[in-house]
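Questions regarding the structure given below will be posed in turn.
Read from first to last, the chains carry the letters A, B and C; within each, the first residue is number 1.
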Amino acid sequence: MSVSLGELAVRFGCELRGDPELRVRHVATLAAAGPEALAFLANPKYRPLLAQSRAGAVVLAAADAEGVARPVLIASNPYAAYARMAAVLHAPPALPPGVHPTAWVDPLAQVADSAHVAAHVSIGAGARIGARAAIGPGCVLEAGVEIAEDVQLVARVVVCRGVRIGARTVVQPGAVIGGDGFGYAPERGAWVKVPQVGSVAIGADVEIGANTTIDRGAIEDTVIEDGVKLDNQIQIGHNVRIGAHSALAACVGVSGSTTIGKRCQIGGAVGIVGHLSICDDVAVTGLSMVSHSINEPGVYSSGLPAIPAAEWRRAVARLHRLDRMAGQVAALGKQLNRTQDD
Amino acid sequence: MSVSLGELAVRFGCELRGDPELRVRHVATLAAAGPEALAFLANPKYRPLLAQSRAGAVVLAAADAEGVARPVLIASNPYAAYARMAAVLHAPPALPPGVHPTAWVDPLAQVADSAHVAAHVSIGAGARIGARAAIGPGCVLEAGVEIAEDVQLVARVVVCRGVRIGARTVVQPGAVIGGDGFGYAPERGAWVKVPQVGSVAIGADVEIGANTTIDRGAIEDTVIEDGVKLDNQIQIGHNVRIGAHSALAACVGVSGSTTIGKRCQIGGAVGIVGHLSICDDVAVTGLSMVSHSINEPGVYSSGLPAIPAAEWRRAVARLHRLDRMAGQVAALGKQLNRTQDD
Amino acid sequence: MSVSLGELAVRFGCELRGDPELRVRHVATLAAAGPEALAFLANPKYRPLLAQSRAGAVVLAAADAEGVARPVLIASNPYAAYARMAAVLHAPPALPPGVHPTAWVDPLAQVADSAHVAAHVSIGAGARIGARAAIGPGCVLEAGVEIAEDVQLVARVVVCRGVRIGARTVVQPGAVIGGDGFGYAPERGAWVKVPQVGSVAIGADVEIGANTTIDRGAIEDTVIEDGVKLDNQIQIGHNVRIGAHSALAACVGVSGSTTIGKRCQIGGAVGIVGHLSICDDVAVTGLSMVSHSINEPGVYSSGLPAIPAAEWRRAVARLHRLDRMAGQVAALGKQLNRTQDD
């Protein structure tokens, strides 16, 4: 579809410098944009691209608008404004309400008339699917799940028995929500499975990435609060709680019974040990291990940057012998003091 | 359902202190339990909760039973006893025998009359499904797979051609068992695929977590022995062997042809290099890298705890220059000895 | 099936020492091979096995052929030659052309007559499936996807809207190609989703492992060039480009907008930060973190080998105090020089 710059300015509260009748049809990068494309500038690093850009219009901050030849839409938060405009220009096709003939819905399940249930979906007894929810191809919804209005399960998502998902939450393909937590009692060199009788409660406006797994609680529920964003291939253990609007990058693992505060940002492949508490507004950089509770907001790290392998091998050998080096340093100190006393 | 304390005591060999006619209906934590709930105390850390608990009964060790006002079930291994009682109180609904109308079963496959085959399952030629096995919605069983009695494939599990799964093994949703191993022969800057003609043999009483992947062998089989517990998002390379009753936490990766002994415990996100041998009774703490064979039982580590980012950056800079510091220390020693000889 | 040694020699350009009429029926290891098995020797480490082997024939290099009693097929690249012979001996059963009755194909999709579409597959409007492509059970192909000739999607693969996959590419079960990238604009303590309007372009002769995820681009495409090999459980962020014939081992994570060159080899569980550039012919060893661009071919590392936990704890304590030790060393130097000046 196409939208006029005037409409975008009014709808998203931007100042327009340019012809309100001009129309854009799609988004593009500053470098690739043509006259029908909407581009944006949020990172000053890309400012040099502005002069050459052939974009039909550029969303940017007032500070970047001076002397720009192209039409501009001035926003206090250009990236957020761009995001909303892109959602208008690239609105996904509406999915038809109703249940696909190849889907299977248990007679005791309730599916809203306005919901979309795609091919090869199965929905168990007692499940409730809310208004305008979209259940994509191959999804499995076990008995008693509750899917609120406007939820999107893109494709092949598994939602296990009794799991609840809040309004407008989006789940990417392959995610598994509510599989059994990892709980076993040791007994004479073997393991006795501990039934995982809790569930999972997902808030509203959450996004869950492809092939991410969120385990059900052992006794009480695993909880993902409103607005949390989980990237792909994340593992959330049983009875974890993640505070509102926290964002976890791909491949993070959070062990059981750990609580993460609100507005935290966890980098890729971070591992968080179980039974910890992390306060609000904590950032952890990629590939770090969080092995103790964190009570102070701030940035935490333990990821090691790669260097040429030969240098690294020497550093590791030294690291494994650091105790010895510390001893040598202490001995030198003593020896030196004796020398001076001579 | 509900069970009397007397029945629990008799059935699981506990000493009951309290009214055998009292009934419990579900499990709960000590803190949340009401009069119809069964709770347990296994970790002394939670002992303070005992006094306030309103639980209908508490499973605990004799040492913790003194002066407890609530009815107690005394067990030598309270956690294991609790696990078995919870399985009685929270028995999953029985699944009806038979093949769902939307499932597709190859005419040359054999499915036991007592097995449950759910919606949208496909079962290939020559596959054999044992008595009381439960094949959940969306599972794909390729040709020639052998599923023993009482196996549960929860949902959307893929079992590739010829894979064998032992009795009572449980596989969580999204797991893939028997995909091709990662084998390529380098040739003139490109790769020639090496056919992966081995299979996977899974023992009895194994549990495999959500979205875990176990590759088929290159020539011989990948082997998971009896009682092994694999958490979510684990990757097992081709021709790996994991010894009986070993437990691997989430996100572990085991590279090809490595052998792990019996009763090992591998922490979350540990990476194990290929072609290694790890003996019985080894524990590896989370986020460690095992790059050499381990021949002594014990605990091994290389995970780095996160600290404030600014401190960490300084430590890393020093680590990358450790060789230099070692040189300085040696030089100081020499210099000092010369000084003394003056 | 069985093949004569003469046929193998002619077909794959090997020198045969032995009876060309002899036939082999399957492959095996040198140790396990019987008279009907074809074995190979590529790694000198296994040379001692040659004398005892009962293999019907062994594929090896000229240098290893001297004095071998068994029939041998001499190749300049024995492992690659073995790979091709194994593909003949263990050719997968041909899949029947046509669409399975339980599959659902949108009337506006085009499926080549010679393509195989298995049970419970769904194919969206405008999708195009090429000649001899095999779409395995439970795969979901969204609208507008383009699958070239001879592609194999083994089972339960999700290919999201508009993704393009090149000829002969193989995708293992559970992989998700084209899920939304992780893009959100921060706004007043919450996140605004940035529509991911790019797609994914996969080249020819690529292999993608089980449960691997490749995100679609934010504006432009994510690109996997020809001949790239991706192992299981890999995460590729939006707008990443991976150069031809690079191989990534399992559990690797590549963050958004990073470019990896040609013929790179990335070890297991390596994490690569976003917006970096890695040149051609770079190798990174397992569990390393790449946090800066790499402009020189070579081997890079930062993985730490596990050692006994008690030793490790001491080393970590020292590492966290390295700054202090460096200060002590400097102070000793100064003090010593003063001493000498006395």
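Rule of thumb we're sticking to: contacts are C-beta pairs under 8 Å (C-beta built on N, C-alpha and C of every residue); 3 or more make two chains touch, one makes a residue touch a chain.
Values in this document were obtained by computation on a predicted structure and should not be read as measured data.
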Subunit A onto subunit C, same sequence, C-alpha superposition: rotation to the nearest 5 degrees is 120
Mind checking subunit B against subunit C and telling me if their interface is mostly the same residue numbers on each side, over half, or mostly different?
-> different
Measure off the straight-line distance from the CA centroid of subunit B to the CA centroid of subunit C, and report it in whole Å.
-> 25
Which residues does subunit C have that touch at least 2 chains other than itself?
-> 102, 120, 138, 156, 174, 211, 233, 251, 269, 304-305, 307, 319, 322, 325, 329, 332, 336, 339
Note which residues of subunit A are touching subunit B in the complex, please.
-> 102, 104, 120, 122, 138, 140, 142-143, 156, 158, 160, 174, 176, 179-180, 182, 184-187, 189-195, 197, 211, 213, 215, 219-220, 233, 235, 237, 251, 253, 255, 269, 271, 273, 284-285, 288-292, 298-302, 304-305, 307, 311, 314-315, 318-319, 322, 325, 328-329, 332, 335-336, 339, 342
Seen from subunit A, its contact residues with subunit C in the complex are 26-29, 32, 42, 77, 79-80, 82-84, 86-87, 90, 93, 100, 102, 118-120, 136-138, 154-156, 170, 172-174, 205, 207, 209-211, 227, 229, 231-233, 245, 247, 249-251, 263, 268-269, 286-287, 303-309, 312-313, 316, 319-320, 322-323, 325-326, 329, 332-333, 336, 339-340
